[in-house]
Amino acid sequence: MSNSLDSYLVLSALLFAVGSFGFLARRNAISMLMSIELMINAVNLTIVAFGAFVEPLKTHAAVIALIVIAVAAAEATVGLAIIIAIYRNKKTPLVDEYDAMSQ
Amino acid sequence: MPIGDSIPFVGIRWDDLLFVMLAATLLVSALLVVTLRDIIRCGLSLTVSFASLAGIYVMLGNPLIAATQVLVYIGAISVLILFAIMLTQTKNAPSKLVFQTQVLVAAVAAVFIGGVIIATILTTTWPSGGQRLWTATADVAHLLFHDYVLPFEAVSVLLTAAVVGGVYLARREIGKNEGDKP
Amino acid sequence: MNFLIPLIPLLPLAGFALTGLLGRGMGRESHRIAVWAVVASWIVAMIVVVGALTHSLGFGPGGFGVTLWNWIPATGFDAEMGFYVDALTACLLIVVTTIGMLVHIYSIGYMAHDDGKWRFFAYLNLFMFSMLVLVLADNLLLVFAGWELVGLSSYLLIGFWFPRRSAAEAAKKAFLVNRVGDMGFALGIMAVWTQLGTLNLQQVFAKIATVPHEWQIAIALLIFCGAVGKSAQFPLHVWLPDAMEGPTPVSALIHAATMVNAGVYLVARCNPIFGTAPEVMAIVAAIGIFTAILAASIAFTQTDIKRVLAYSTLSQLGYMFAALGVGAWTAAIFHLMSHGFFKGLLFLGSGSVIHSVDGEQDMRKMGGLAKKIPITYATMLIGSVAIAGVPPLAGFFSKDEILGGAFKNGFLWVWGIGFVVAGMTAFYMFRLMGMTFWGESRVDPEKEHHIHESPRTMTRPLVLLAIPAVFLGMVIGFPPESGLLHQWLAPIFEHTIAASGRTEAAYTFFGIDGALAVVTTALVAGAIVVAWRLFGVNIPALGLNAEPRLDRVREISKQPAMAALYRGSSHKWWFDDLNNLLFVVWGGKLAAAVFWFDRTIIDGTVNGIGTVTTGAGTALRRVQTGRVQNYALGIAFGLIAMAVGYILIAVR
């Protein structure tokens, strides 16, 4: 099982599904961000799995995964900064309350 | 004493066992992240999932990525998330409702997404070699600084922008709160 | 002649244009252009008439055609602007231009104090132009154009005093009722075109025998429809009495002497078409004679002097159509001409009477005017005697020819009804004379002092019209059935008369014709005597004197049988009420129903689309919640949809 690419890919698909569920269903904005991190990690796992099993992609996958991690870090930074800024305004981290743009 | 390939008497390969354990940890902690009520616990279980993911990276022959995962994700992002949780804590107890009103629809959507991807994965024949390969760090470094130097530099610019942006977005207003120095 | 014939209608047209443009500024002199235009037109017309009737000045035995230009040069449809003059046209020209000229001169005096005088003369000239175009036209389309223009001029002139509501409504009524007839005429023209391929009258007459018989009947019937409308026959007669709301010169010109004769002219002109459809000719005779007796019966009880004359016109027009229907074509034209003159005279005379009693039109408030307005009285007496049919004035000859023709051509019922109507005519005309001129004066005391004879511009035309009223019959109608008029018109009608298989028997004075003439004259004389005994008479020259006995009239009209007849007659036999019920009340309800449909269903549908759109918009607005999680869900769904789509495409 650990030698088949499929299992790693399935694992990453499950992780992605869990992450998307959390993103769509949680009320706290930071929970949504954590779910986003889960989804990014699932994608990263896919990339690395491919790099481990497909010979021509070996080093390329590692480089791409590295860059993805860096980008994820930047995104998490900015996202949390935004949430903190909004928290200052709305006094609550719950996205239910962020409906200033509704009709 | 070298251990054999598989567990004696049971016949399960060690690799498979390791994989299953790590996968189980990953999935369970991920589920806990999305379902726990107390958000700090969510953050901690997120850290656990990062850790198990690092283990899987090692299994996939990529210790460099595993190390980077631990350093960046656990060392920086998890800490960042915990700080943000602290900063946005409300005075009340964790609210009664964990999920929004659209939770059922979200579950259905998540199941669908997962199902579609898994179906695609299982029905495609991947050009896989069947053996896990080991990635050499020197090769990664060579590729990173020769063929991928532009994305590398772009990422460094991106990180700078992210730092500046984050600092700007999250700073307090000047003079709004008493006793603060700009 | 090529130049003179188009000049006849063009002069009044120029008069209309110039008076319309300059008249307002001319003030008191605004009539000059119009009157001179019509006088000039009369002179030219007389020259043309002389040529046409005596076959000189460029006229041959056939008619003289002038084509001005090609009006509608379309492939497959050709209509030209052309005029055609023959003996029939000449007879009409005499009537139209002469009476038109005299009415214009009369109007100088009658409308002297009216501010809208310039408008009046402009409309009069427009009317002259239209009528002349109608008479002179050589193709049906141009006749129709003149037809419609005449209707328009009539509308403008009836409603001349439009601030008065009754006048405006009368004008509308005239136009609408005319329209009904015009529709039939238009359909007839279309039928002619589809069957014969040409609208030129002479070509149509040449080819009409080749058309299937049903189509001949249809075309004749539809053309007669137009005549019914324009000449106010039953059932489209309701507009003529109301048209008396217009000034009296208008009544004289349009509704006695010219426009209403257009229908008679049309049928006479189209005699070859009618000759092929004897069934339609019977219908023509029936409607004509029925209108005659209907109108005469209503005239018995009318109290407005102009209404009596209006119903008298209806009755005489009925006579003309009866003559056309029985095949006495020349008699009809003869009656048209003589009626034009003496009815014009009577109308202008009544205008003079009204003018003298300061606008009073109710005969119950007149009386004893004979000595105070002598010229008017004398001329009106001549006119009444003429219309009653007393020999040797014009009416006798023309009416007798009609009745003789009816009898000899086998239409005994037409003769019978016409005979009775002759008596009725004499009676109500002398009732009018008695109530207006003889007996005690019942005039309003304030107005009595002002009674004066009319100015010369008004009395001269009266005198001039009295002359043909007396002498016309003897000049062109004597000897009967072989006089000048018959010689002139024979070539036009001979084919139709020959085709109908009847030959015009020679007039036998001591045979059937003489007997008929004597009988009719006796009835007329009797009716006049009865009228004298009831309504009075005072002609010192003839030694006739009787007191009016209006109380006796009241006694008679109270008897049961008479009372019912009286009521029916004074209500005009309830035709106006019938029309009102059918078209105004029920038509109004139908219109209201259709309006409801339009408003609720059609507008509702259109507005409904708008409402549905805004409703959908409002509903769809709720998608914009402003909440990120909802948008994220949307993204997730989109992602799933795209993925599934890709898979399906790939699997195929």
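Should a chain be cited, it is by its letter among A, B and C, assigned in written order, with residues numbered from 1 in that chain.
The rule is short, and it goes like this: a residue touches a chain if its C-beta (ideal position, glycine included) is under 8 Å from a C-beta of that chain, and two chains touch if they have at least 3 such contacts.
Small disclaimer: the values here were computed from a predicted structure and weren't measured.
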Chain whose average C-alpha position is farthest from chain A's own: C
Pair exhibiting more inter-chain C-beta contacts, A-C or A-B: A-B
Distance from the mean Cα position of chain C to that of chain B, given in whole angstrom: 104
Rounded Å distance, chain A centre to chain C centre (Cα mean): 97
Intercentroid distance (Cα basis), chain B paired with chain A, Å: 7
Residue list for chain B, restricted to those that touch at least two other chains: 100, 102, 105-106, 109-110, 113, 117
For chain A, residues contacting two or more additional chains: 20, 24, 95-96
Interface hub residues of chain C, defined as touching at least two other chains: 629, 633, 636
Sites on chain A touched by chain C in the complex: 20, 23-24, 32, 95-96, 98-103
Residues of chain C that touch chain B when the two form their complex: 629-630, 633, 636-637, 639-640, 643-644, 647
Chain B-touching residues of chain A, taken from the complex the two chains share: 1-11, 13-22, 24-31, 33-35, 37-38, 41, 44-45, 48-49, 51-55, 58-63, 65-67, 69-78, 80-85, 87-88, 91-96
Contact set on chain C toward chain A in their complex: 621-622, 624-629, 632-633, 636
Partner chain A, residues of chain B touching it in the complex: 13, 15-16, 18-20, 23, 26-27, 30-31, 33-34, 39, 42-43, 46, 49-50, 53, 56-57, 59-62, 64-65, 68-69, 72-73, 76-77, 80-81, 84-85, 87-88, 90, 95, 97-100, 102-103, 105-107, 109-111, 113-114, 117-118, 121-122, 126-133, 135-136, 139-140, 142-144, 148, 151-152, 155, 158-159, 161-163, 165-170, 172
